[in-house]
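Okay, here's the structure, questions in a sec.
Letters A, B and C mark the chains in the order given here, with residues in each chain numbered from 1 onward.
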Amino acid sequence: MMKLAKKDILGIADMSVDEINLILETAESFLEISMRDIKKVPTLRGKSIINLFYEASTRTRTSFEIAGKRLSADTINISASTSSTVKGETLIDTARNLEAMNPDIIVLRHSAAGAPHMLASLVKQSIINAGDGAHEHPSQALLDMMTIREKKGKIAGLKVALVGDILHSRVARSNIYGLSKMGAEVVVAGPATMLPRDIEKMGVAAFTKIEDAIADADVVMMLRIQLERQKQNIFPSLREYAQHYCLTRKNIKLARPDAIVMHPGPMNRGVEISPDIADDPGISVILDQVNNGVAVRMALLYLLSGGNE
Amino acid sequence: MMKLAKKDILGIADMSVDEINLILETAESFLEISMRDIKKVPTLRGKSIINLFYEASTRTRTSFEIAGKRLSADTINISASTSSTVKGETLIDTARNLEAMNPDIIVLRHSAAGAPHMLASLVKQSIINAGDGAHEHPSQALLDMMTIREKKGKIAGLKVALVGDILHSRVARSNIYGLSKMGAEVVVAGPATMLPRDIEKMGVAAFTKIEDAIADADVVMMLRIQLERQKQNIFPSLREYAQHYCLTRKNIKLARPDAIVMHPGPMNRGVEISPDIADDPGISVILDQVNNGVAVRMALLYLLSGGNE
Amino acid sequence: MMKLAKKDILGIADMSVDEINLILETAESFLEISMRDIKKVPTLRGKSIINLFYEASTRTRTSFEIAGKRLSADTINISASTSSTVKGETLIDTARNLEAMNPDIIVLRHSAAGAPHMLASLVKQSIINAGDGAHEHPSQALLDMMTIREKKGKIAGLKVALVGDILHSRVARSNIYGLSKMGAEVVVAGPATMLPRDIEKMGVAAFTKIEDAIADADVVMMLRIQLERQKQNIFPSLREYAQHYCLTRKNIKLARPDAIVMHPGPMNRGVEISPDIADDPGISVILDQVNNGVAVRMALLYLLSGGNE
C-alpha cells in the first residue's frame, strides 16, 4: 500500500489525486470496524491525539475522538473556553507547549484561516486542520467525496452543485478543490453577496439562482446558513433566503432523478433545506456522511501515524 | 440469568419488578469491582458510550463515566455548552448524527421532560435517561433502592418518607414509582406549592408537615431545594423553608430508631438537612448512595449491551 | 527503591530532601516513555484519576491527563464551570462524593489556599495539589528542579533568581521551599508591592531591581504577570512593569554566561520576558520544563499508587 508522504493534513488544495484516493481507500477499509460488535483495533495503541478546539463543535470533535478511540489511541480534548487562552497565551506558545508533551497528532479547529499551517511549520507533530476560519475543512471534503463515491461509484464526470454561503464556507472551499481534482464538474449558487468574486478562477460556474445550479446535478450539497453571521446583514432575512435558496421537493426535481442530497450539518431545517428532503432516505445521504466521517478520520490518524509503513 | 428485554432505560414508570430486581442484583454483583486494586474488567471493551449532557452535572456524569471506564468501554463526553447546540441544531439532529457514529449507548440529561423517550424512538442505540426535566431520573431511583435494600435487607413493607419539592423533583417521581412497585409505603411532605395536585393518585399520602411524613419512617429521603428556582417565588425564603422542612436531630426522632437518611445530592446544608445528620455515619447513607450509583450504572450499561446473553 | 511514605502531595514545604530526590529520580526514569513509539506502560491499569479543576488550565490539566494515560490509568476530568458547583455544593461535599466513587487519586486545582490540604484530611484518596491560590504548586516546583538538575547536573550551590510577582505566585513559593532545601541560593526580585513582607524569613534575599537578583545567577526564573489581577492596581502599568522587570538580552548578561532561563508559562511575551530570550534554545529551557512536567506527574501518580512497593 502507498504511504502518505505528508506530515500534516492542512487542506485539499495541496493534496494530490493519489493522496485523496489513498485516504478514501483506507477509510473504506476502516468502515467495517465501526460495524463490529467490538469496535476497536489496537493499531494506534500508545499514541496520543490532542483535539485542540478554539471553536465550539459537537460532531467534528466527537468524530475525531471516536476515530481515535476505535484505533486505541489516547485522546485528550482541549477546548478554548477552558484553556489558558483565558490567560492570554498565544496559539503558538500553546502549541509549543503541547509539542513538548510529545503527543503524536494535534487536531486543530481555529477561527483564523491559516492557523493550522502556522502550527504545522512550528511543531514536529502532525497537524490535522479540523476547520480554519472560512478557509478549509479537509476531513469534511474527504468524507463528502467518500460518500459520493460510495453512492455513485465514482466522482469523475459527475455534476456537483453547492448551494449557499459559498464565500464564508470552508466546507465549500475544500470540496471545490477536491471535487475538481477528482474530475467532477462543480457549480455553485448563492446570493451575490455570498459568492467569492474570483470563483470562476477556481474552475467553477457560479449562479445566483439555485435552479441554475442544481439543474441535472448528480449531487446537491446544501451549505449551512451561519445564523451567527446574520448580524453582518449579508442577506436580508432568513425568510427571504429560504424563499430563494431552500432545497425543496419542487426544485430538487430539476436535478437528475437519481441525485443525492448532502449537508455538512448542523442543518437549519426550513432555511437551507426542507425537512422532508433532509429526512428522505431515498435522496438524503446526510447520515452516511457522518458515518463515513468517523472512517475518514480513522484513516487520517492512521496514515499520519505511518500506520501503513 | 435473566436478560433485560429493554432497549432503553427511560424511567421507572415502565419498569417491571422483575426488571428492577435484575438491575439491582447485577449492580450488587458489580459492587466489588470498585473495591479491587485494579478496578477494571474487560466486559465492554470496544463499546462506545456517549454522555450527552444538556444540563450541568458533576456526580451523575462522573458516575456514568467511571462506570463505563471500569467496564473498559470508551466514554465520550458532550456538554451542551461546548456543543453545536450553540449553532441551533435540534436535539433530534444531534442524536441522529451521534447515531451515525455508531456508539452503543447514549446517556442523556436534558431539561425537557420526555427528551430521552423521543430520542429512544428515533435512534437504534440504547438511551439511558440521566434526568429529564422534572420527569424521571431512573438510575438515581435504582441506586436509592439498592441502598435501601443493602441497609434494610428489603424494600417491601418499609415506610419511606420523601421530603421537599416533590412537584419539581425527578428523583421523587422515579422513587415513588419504584418504591411503590417494590412494595414500600411511600409518603411525601413539602409546602403545598411543592406538592403535585394528583399526588394521591400515585398511591402516596401527602402532608404539608415534615413531622407527619417522617413519623415511624424506616427511610427518610430529603430532596434538594433547587436554589436556582427560588426566583419563581414558590416558597417565601430559604430561612422559612428550613424552619419548617429541614431534617434535624429533633424531628428525626419521630422516625424509627433504626431509620436511615438519604439525599440525592448536591446538598444544601442547613436548608433541607442539618449538617450533623448528613455527616452522621450511623444514620446517613448518603455516601453509600454515591458508591452504589457507580455499580447501578455499570449494571445498566452492561445489561443494555446484552452483556448477560 | 525507596517508597514514598506520603498519602498526598500537598506542597514542597512539608517534603524532605529524600522525598524530592525520590520523585526526581523516578521522573527521570519515566522520561523515556514519552519518547517511545508506543508511549504507554501498563503500570496503573485499572486506577482511576480524577482531575478536579476549579480554575482554568490547559497545560497542567493536560500534563496530568497525559501522564495518567501513559501509565494506562483511567482519567476523568471535572472542570468547575460544568460541575455541580453551579448548584452551590461545597468543595467538601464534592470531594466526599468523588471519594465514594472510589477513584485512586484526585488532582485538585483550586483558587483557595489550603483547599487540597482540607480535602486530604477528609478523604481516603491521595490528593495532588495542582495549584492552590497563591500558596503552592508542588508539581511545578518539582519539574523546575528536575529541569535545573538536568541542565546543570546539580541544584546545590547554584544561585537561582526568581523575578516577578513573588507575593501572589504559588510557583515562586514552592520553588523557594524546594530549591532552598536542595541547597540552592535563592534570590528574588520584583516591585515592592509584589514582595512578601517576611520574605527574608524564608532564607531568601529580596531586591526591587531585577539586575541585583540576576547578577551571577545560574538560573533565572521569570514569573508570569497575572494580567487578570491588574485591576487591583498593584502595579501602575504593563509598560512600566516591562521597563523595569522584563528579562532582556541586555540584563541577562549580568547572569552567568551559562545561565539558563525558565518560565512556568503561560508567558506574556514582551512583558516579563522578551521573545528572543524565550525562544533562544541556547538559554531558554522553557519547553524542557513542559516535557519534564509530564514525567514528574507520571512519577507522582506512580509513587502515590504505591507503584514501587
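We take it that contacts are C-beta pairs under 8 Å (C-beta built on N, C-alpha and C of every residue); 3 or more make two chains touch, one makes a residue touch a chain.
None of these values were measured; they are calculated from a predicted model.
Trainee: When the CA atoms of chain A are placed over those of chain B, what is the turn angle between 0 and 180 degrees, to the nearest 5?
Mentor: 120
Trainee: At the chain B/chain C interface, shared numbers over all numbers used: above half (same) or below half (different)?
Mentor: Homomeric contact, different residues on each side for the most part.
Trainee: Taking the mean of the C-alpha atoms as each chain's centre, how many Å separate chain B from chain C?
Mentor: The computed centroid separation for chain B versus chain C comes out at 39 Å.
Trainee: Can you list the residues of chain C that touch 2 or more other chains?
Mentor: Each of 81 in chain C touches at least two other chains.
Trainee: Would you pull the chain C residues touching chain A in the complex into a rising list?
Mentor: 34-40, 56-59, 62-63, 65-66, 69-70, 79, 81, 224, 226-228, 265-269, 287-288, 290-291, 293-294
Trainee: Which of the residues in chain A end up touching chain C in this complex?
Mentor: Counting only chain A, the residues touching chain C are 45-48, 50, 74, 76, 78, 81-90, 93-94, 96-104.
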